[in-house]
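Presented below are the structures under discussion, each in the form of structure tokens.
Below are two complexes that have chain A in common, paired first with chain B and then with chain C.
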Partner chain A sequence: MDRRSALKVLGLAGSAVTALVSLPKLAMASWAKTAFEARSGADALQNLYGGNATTPSDAVKLKAPDIAENGAVVPIEVETDMEADSIAILIEKNPSPLAGSFNLPAGTKGLVKTRVRMGETTNVTAVVKSGGKLYTTTKEVKVTIGGCGG
Partner chain B sequence: MSSIRIKAKERAGVVDVKALMKHPMETGLRKDKDGNKIPPHFIQEVVAESNGAVVFSGSFNTSISKDPYLSFQYGGKKGDKLTLSWTDNQGQKDAETVDVG
Partner chain C sequence: MSLSRREFGQILSLAAAGSMLPLTSRAESAMFDTAPYGQVRLMHITDCHAQLNPIYFREPNVNLGLYDAKGRAPHLVGASLLAEFGLKAGSPEAHAFTYLGFEEAARRFGKVGGFAHLKTLVERLRTEYGRENTLLMDGGDTWQGSATSLWTRGQDMVDACNLLGVDVMTGHWEFTYLEDEIRANLERFQGEFVAQNVKVSDDALFDGAEAFDEDSGHAFKPYTLREMNGFRVAVIGQSFPYTPIANPARFIPNWTFGIRDGEMQELVDQVRSEHQPHAVIVISHNGMDVDIKMAEVVSGIDVIFGGHTHDAVPVPVAVKNSGGTTLVTNAGSNGKFLGVMDLELSEQGVKGYRYRLLPVFANLLDADPAMSQLIQDIRAPYLPQLTEQLAIADDVLYRRGNFNGTFDQVICDALRVQLNAQISLSPGFRWGTTVLPGDAITFDNVMDQTAITYPETYVRPMTGADIKLILEDVCDNLFNEDPFYQQGGDMVRVGGLDYVVNPMAQMGSRISEMRLDDGSVVEATKSYQVAGWATVGSQSPGPHIYDVVAAYLRDQKTVRIQKLNSPVIRGVGSNPGLADYLG
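Right after this comes the complex of A and B.
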């Protein structure tokens, strides 16, 4: 067997192991596994909301630092005055871009504050679902020290 | 002692909640000093309930920082009970109840 095909076989074996290891994670019913494990923001939104057509909107306010010295703890705040059912946060260059999704029952404000990790300088997108549509605001956050790995 | 610390304050009919959950939030991507992968261990679900109704819920991914911080606001009043609970990917759970001040 030459080196190239040996690598191929190794790669296949690797994916099989990954598939096996992933199985026990099925346990959580409500956690949107396919959305959270998606490798792109578009796939994440498709799996989370059943659609990924977004409209940039000033009505979605995203507060994040211009420069995050420590990528392990970056404060993010999403706020909107729209009637929102859901808010999601996407971090474009993270291995799994969807960082969190939040459900807002009637009477709950369109507001979420949390802290996230980012491995490198990246765009952060706040997504607000209102009236069945997705509205977004994106901001770049520069990272001095990455928050992943280590 | 609970892993959750909650501050819930009402002003003009709106309860402002600030919560800190003590949790490692392991991504599954890190390696220990021997080069072995540290398995993922992170909070997946957070639910806040008051007077028997869910007032806020959310799902976290591994991108949420260690010891997650979460803040939100909902319509309520002083003296209400607010319960916040989390469940992680290993099935561990915790919950804490406070009086809205």
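Right after this comes the complex of A and C.
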């Protein structure tokens, strides 16, 4: 099977999985809603993890473009070799900075790829929860009106 | 190791010994004396912008370097550049590398570049070194910049590069054609196209888009390995990282770019462990400041042959990193220069190098007959249109520099007059050739400044705040402290608008005191009619820019710049990248 067919199969499987995992969300809605609607990254983390003390760490690898090709769909990848319980992504200048949080069952490789929206140049912070602590890496992603290149 | 700066200056100055005489064959041998050294000769052209025939090209008098880049190559102009590299004022090299005395020197030394003359030089360098031990690399911006390249969708340049013997290339403006056209041109191209930083997007892969490697997502071959003289040389491609931002993404929706310095490091490490090359080379379209930073953060590259920023830098910049030293070059534009680096190699890698950035003075080199014929054949169907004399230049008309050049002013004036606008905007491209006073401005010349695949113009109301936002945004692409956030063009050109710029200020506060030509203050909430071209988002509705400019010039008869809308520069103090500035 080539990569394309594999991707298609995975894509189908993926949507099934999404449907399944979204069921428990109903139960969690009360606390996740607060975190996702929080107006600051610190509030979002407080709501999500019950604490917002973070430590910058090289063990959190954040891949994001220096300049976004399209601010509406900016590819973000977070990877860590730490034993991670959860990975969250904060877009500092978005009205609601928490763009996503991913709960990782024990033994899962800490790798998350997603796409986020940002209206203006902003810091992006990847947060990894490991051993009850929050580790972060931050990178600025520039959003520009484009054009005028030589 | 490399020539010292002093030796370099001496050799180049030989040609100037008879400086009151026309260029002679004696000067020719001095100018192109490249005594072979080492075992492998790497030749480099970049950013020729489809200039098949010899041209004039005025180097900038404003090329500001800020923060760490202040006073460092390539941010040196005029006398500062001559002093740094030991070049003699009044010499042919001083003319090639600086704007000093441009008009007089251009008349004395004649035109530069041209593929027929370049072909003669390349053949000479290959023959004297041993053809099989040489490699000719092209950094891209080759298929765009002239009427014939636009009208043949880059195909004329593919044919010219095949005849020139280009072995490896990467790209930028090549990506302003459509994917099918790009693939057809690459099919026709007899060399290899390499790019480690162009990926097929996940969505496009999912929909079945073509890729060089579906697993890695590389749209093109990331590197090639060449064996010469018993040594292996790896050449990695680095295309312009911000193509879908600086140019329309709509032409190439399947591809995604970026600097991808982390992946560059992984690739260098992989190439070194898999093939044990004696040298690892990058052919790059990053722009020089981005290349210098990439050389700091990525280790294991011996030389980055750079382009994009059109900087004619006579001596490589040696950049220290965790793995040793990486050399970074930049080889000018418009076919004006040929970079030549001879490498001394051993089993342990690069032992030494010699580098020359040779100015291609057309008067010193015979035109290669086969290339001349090809160029003639390419142009023949279009010749009547190309040679139309639209007006006579009464000033030196040029573009290059951080702010408005005189030819930009002509374009901006044309936009305002023809489209009835108060203010005009024109992109800060770095390509575009120069016209001397007294010479006719032909349609060819206009196309040299405007031949792009998104030439449509617009005229629409904008508030003063909108206009400031645009100026601030482009200014940050030019003057951001971190080179990885710079896109490598110059400042957007303006017509009917004066302003003050403080490049050292933070984004959002660099631009102030915006005024119309009549002196009235541009108000944030007031609406102004603004004309422009080269929109990257969606296609604009107006006539093509080259037709707008041509119509304007036909009415003008002679062109003298009445007012140059170049901003007042504040906050940079004395800077070796700024001289003879009138703003």
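Following the convention adopted for this analysis, the second predicted complex is superposed on the first by the 113 of 150 C-alpha atoms of A that agree within 3 Å, B and C clash if a C-alpha of one lies under 4 Å from a C-alpha of the other, contacts with A are read in each partner's own complex, and residues count from 1 in each chain.
Simple rule for what comes next: a contact is a pair of C-beta atoms (placed from the backbone, for glycine too) under 8 Å apart; a residue touches a chain by one contact, two chains touch by 3 or more.
No experiment lies behind these values; they were computed from the predicted model shown.
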Touching partner for A:K109 - first (chain B), second (chain C), both, neither: first
First, second, both or neither for A:K63, with chain B first and chain C second: second
Chain B versus chain C as contact partner of A:S101, first or second or both or neither: first
Chain A: partner with more touched residues, chain B or chain C: B
Contacts of A:T144 with chain B and chain C, given as first, second, both or neither: second
Which of chain B and chain C A:T34 touches, first, second, both or neither: neither
Partner chain(s) touched by A:I91 [first = chain B, second = chain C, both, neither]: first
Partner chain in contact with A:M118 - chain B first, chain C second, else both or neither: first
Contacts of A:A72 with chain B and chain C, given as first, second, both or neither: first
Chain B/chain C common contact set on chain A: 75, 147-150
Residues on chain A engaged by chain B in the complex (per definition of touch): 25, 27-28, 30-32, 36, 72-75, 91, 94-96, 98-105, 107-109, 111-118, 147-150
Residue ranges of chain A touching chain C (in the complex, touch as defined): 2-4, 7-8, 11, 63, 65-70, 75, 121, 140, 142, 144-150
For the chain C and chain A complex, residues of the former touching the latter: 205-206, 208, 214-215, 240-247, 249, 256-259, 262, 308-310, 427-431, 469-470, 473-474, 476-477, 480, 484-485, 487-490, 492, 507, 534-537
Sites on chain B touched by chain A in the complex: 14, 27, 29-30, 44-45, 53-66, 68-75, 87, 89, 91
